[in-house]
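Okay, so subunit A shows up in both of these, paired with subunit B first and subunit C after.
Moving on, here comes the complex of A and B:
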C-alpha cells in the first residue's frame, strides 16, 4: 500500500515537472513573440514623414553607414577567417601551435566588445592620429568576426568526408588544388550560413563602435569625390551606425527632434534585420541538409 | 616538365604559408590586444603610483583629468560591486530558467523544441544589445518604477539583472541542451529501466552527468554578462553609489568605461584608471576561459 502511494507521488511529481518544462519552453517563445511584436508595432506607430530620408531628421544615412561598415568588414574578415579555418582543418597537425590558435580563437570570441572597441580606438584612431572613421569601425567589427568565421570554416571542412580529399589527390591534384577546387566549393553553403550570422552581429554592434566610427554623419549625396570627407563612399569619414544611433538618441536625445520615434524605428529595423538574417541562414542550412540527403 | 613541377611546388608552399600566416594572425591579435591593455591599464599603478589594492577595494573615485597630474583617487570598488551584483542577479534568474529550457529541448519535447524553441533562442542571440537596452529603458524601467515604487524612476540593479538574464539565457540553454543530448542513451535507459519516472531520471541521472556542459554554459553566460555594455548602461541608472538593494541604481565597469572614456584627456589619471578597468574586464574574461578548460578537463567520459 505504502509502496503504491510513493509510486503515485513520483508520477504526480513527474507530471507536475513536465508541466513546468512546458511552461518554461512556451514562455521563452512567448517572450520573443511579445518582444518582437512590441518593437515592430512601436516602430510602425512612431513613423513620421521624412524618417527614412537622408537628412538629419531621418535615419537613411545611418542605415547606409551600417550596411557599408558591414560590407567593409566582411571584405577583410571573410578571406582572413576562411584562410585561418582552412589552415586549422587541412594543414595544421595536432600539436602545440594548433592548440594555441584554438585557444586564441576562444579568447578572442569571449572578449567583451567594449574592450575590443577600446583596442581599436587606441590603434586605429589615437595611434594613426585620424579622426573617427568608418574604416576603423569596420576593422573592429572584423576582429569581432574573425573567430566565428574561422571556426565555422574549420568545422565545415572537417565535416566533409575524406573521400573528397582522396578522390581529388588520386586524380593528381595537389593539396592546395584540392582545397581550392573541391573542398571549399563543397563547404561554401555552410560557411555562408556562418557569414550571414556574423554579418547580422556586425549590423547590430554598437559598444565596440562607440569610439571608432564617431557619433556623427555629415555626408553630401551629390559629392562623389572619394577623397572628400563628405563623400558617402569615403571610408575615412565619421559614420554613425544605426545601433549607435539608438544609443545616441538616449544620451543626447533631448536636443534632437523626434528622438524617441527615431530610436523606436531604428530598433524595429534592427530587429527585422535580425529576423531576416536568421531566416536566410536557416533556409540555407535547410537546403544543405536536403542536398546532403541526395534529394 | 620539371620546371612546371617546381613552380607548382613553389605555389603549393606559398599557399600553405599564406593560410598559416592567417592562423598565426589570430594569435598575434590576442597577444597585441592583451599587451596594449596591459601597457595602458598598468599606467594607473606605475605612472600614477596607485596600489592595486586601492583600485580594487576602495570606493573613493576622484581621478584627476589633467595629463601628468596625479594625486586623485582611483578606487573602483563601486563599479566592481555593480558588475558583480548585476551579473549575480542575472545568473540567479537565467540559470534555472535556461536549465529548464534545455531539459525541454533535449528531453521533454525535442521535436517541438527544434521547430520553435531553438529558432527563438537563436533570434534572442541576434537581437542587438542596444535594442535590449532601449526596450528595457522604455518598458521595464517604468514598470519597475510603478510596481515596486523604486527610487530613481526604476533605473536599478533589478532592471539590469533582468535584461542581462534575457541576454545570457540563450548561451546557457544551448550549451546545457548540447550536454544533455550528448549523453549516451543507456544512462537514461538504465534509470527508466529501474523504474524511475522521467523527472527522476532527469534530476538524479542526466543533469548530474551533464554537469560539466552545464557549468561551461553558465561560465560562458557569465563572461557575456560581465562584458555587456550598452544594454546595462541604459537601465542601471549610472549612479556612483553602492546600491542599497536591487531596486536602487548603481554603475558598473562597462557602463563607466563607455560613458567616460571619450570625455577624458588621453594619458590622464582618469583616462588610465578607465583603461585599468578595461584590463580588469580582460582578465576576468580570460579567467572565465581558464575555468571552462578546467571544467572540461575534469569531465568524465561516459
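Moving on, here comes the complex of A and C:
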C-alpha cells in the first residue's frame, strides 16, 4: 500500500517535470518563431526596388563582403583548427602541455567577441599600420572560429573506433598516413557540420568586426585588378559586412535614405541565413547518424 | 613432423605493461608454412604475444619488452628495423572485423597504395588476386564499389584478410578471427587459413579448441603470462605433458 503510494507520487512528479520541460521547450520554439516571423515580415514589408543592388542604395555589396569575409576566414581557420584538433586527438600525450592547450582553447572560445575584435584591431590594424580591411576582419573571425573547429575535429577523431587505427597501422601505414587517408576522411561529415555552424556564426558576427573591416564599401564591379582598392576581390580594402551594416543603419547611417528599410531587410537576410546554416548542419548530422545506424 | 625452417623465434622474452608483467620468459619457435595456434584462458597473454610479433604493442604507452624476437633471423626490435616495413611483412587480422569506411576496392587497395603503388591496372590486379586469395572474389566482384562496412560479418572479415594479403606479407597473425562469426563463415575462414599456409606462415589465437585441432600444426598453451606447453597439435591434445594443459583442454577451467 505504502509502496504503491510512493510509486504514484513519483509518477506524479514525473508527469509534473515532463510538463515543465514541455513548457520550457515550447516557449523556446515559440520565441524563435515569433522573433523570426516578426523580422521576416518586417523585412518583406520594407522591400523597395534596388535594395538587392550593388550600389549605395542596395545591400548587394555588403552581402558580398560578408560571404567573402567568411570564405577568407575559413581558408585559414579550417586548416589550422583541423590541424590543432588532429594534434590533440592523435599526437598529444596526456600531460601538462596538452592540458594547457585544451584550457586555452576553452578560454578562447568563451571570450566575448568584442574583446577579440579589439585584439584584432591592435594586431591587424595598429601594428601593421594598415587601413581597415576585410582581411583583418576575416582574421578576427578566424580567431573566433578556431576553437570550435579544433574541438569538433578532436571530438570527431576521438569518436572513431580504434579499429581504424590498428587496421591501418597494422598494414604498415605511418601515423600520418593513417590520419590522412583513413581517420580524417572518416570524420569529414562531422567536421563539416561544425564548419557550417562556424560559418553561420561568422556570417552574423558584428561586434568583433567593429574595429577591423571598416564601415565603408567603395568597390567598382568592373575593376578586377586585385591591387586596386576598389577591386571587389581585394582583401585589403575596407568592406562592411551585413551585420555591421544593420548596426550602422540604426546609428550614424540613419540619415541615409531607406536606412530603416535597409536595416529591416538586412536583418531578415541574416536571420534566414543563420537558420539555413543551422538547418543544413542538422540535416547533415542527421544523415550521418542514419548512415552509422543503417550501415 | 616439420623440417621447415624456423620463421619466428621468440627468445627469453618478457613483456610489461607499466609495472604489470604480462608475459614471462617466453621461448617459442614457429616454423615456416605452418599454422601455430595460441590457446589459453582469457587474460593469459595470447593477444599480447601476437601483437608483439608485428610490434603493434608499440602503440601502447608504457609497454616494455626485454629478450628477443627474430623473424628470418632478424631481431625485429632492433633500432635499425623500419616498423612500417615490418608490419607490411607481418600482416594482422583482428578479432572484430575492422574494414575501413570505404569501398571494398579501396579497402583492399589501401595497403598497396600507402606503400606507393599508384598504377590503376596494377591495383586492379592486386585487388582481384587478394580477394581471390581470401575466397571472396566471386561474391563481391560485381560490387567492388560498395562500402565494405555494409556487407556481412563473415565477408567483412574476409575483406580484412584480403586487405592484409594485398601488401604481400609472409606472416599472417590472426587474433580470434572467427569469434565474431557464424559457423559457416567460420569454416570458410578455417579452410582459407589451411590454403594460405602453403604460402604464408600463420599464427592464430583461438578460444575454440576444436578449431586449433582442425587447422593448426602446432599449439602453444599459455597460462598467466607463461607458456606452459608447446607441441605438435595432435600430440598436445592427445598426450598433454603438463597437468594444467590437460585441465584446460578437457574443459575443466578457462
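In this text, the second predicted complex is superposed on the first by the 271 of 295 C-alpha atoms of A that agree within 3 Å, B and C clash if a C-alpha of one lies under 4 Å from a C-alpha of the other, contacts with A are read in each partner's own complex, and residues count from 1 in each chain.
In the analysis below, a contact is a pair of C-beta atoms (placed from the backbone, for glycine too) under 8 Å apart; a residue touches a chain by one contact, two chains touch by 3 or more.
All of these numbers come straight from a predicted model, not from anything done at the bench.
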Worksheet item: If you stack the two complexes on chain A, which partner ends up touching A:174: first (subunit B), second (subunit C), both, or neither?
Response: both
Worksheet item: Is A:182 contacted by the first partner subunit B, the second partner subunit C, both or neither?
Response: second
Practice prompt. Pick out the shared contact residues on subunit A: the ones touching subunit B in one complex and subunit C in the other.
Written response: 174
Worksheet entry | subunit A contact footprint on subunit C (complex, rising order) | 54, 56, 59, 61, 84-88, 91-92, 94, 96, 98-102, 110-111, 113-115, 147, 149-150, 160, 163-164, 167
Practice prompt. Would you pull the subunit A residues touching subunit B in the complex into a rising list?
Written response: 10-11, 13-14, 17-18, 20-22, 24-25, 28-29, 31-32, 35-36, 38-39, 80-81, 83-84, 86-88, 90-92, 100-101, 103-108, 110-116, 118-119, 121-123, 126, 143, 146-147, 150, 174-176, 197, 200-201, 203-207, 210-211, 243-244, 246-247, 250, 263-264, 267, 270-271, 274-275, 277-278, 282
Fill in: subunit A-facing residues of subunit B, complex
8, 11-12, 15-16, 18-20, 22-27, 29-30, 32-33, 36-37, 40, 97, 100-101, 103-105, 107-109, 112-113, 116-117, 119-124, 126-131, 133-135, 137, 139, 166, 169, 197-200, 202, 220, 223-224, 226-230, 234, 254, 257-258, 261-262, 266, 275, 278, 281-282, 285-286, 288-289
Worksheet item: Where on subunit A is subunit C touching in the complex?
Response: 93, 161, 163-174, 177, 181-182, 185-186, 295
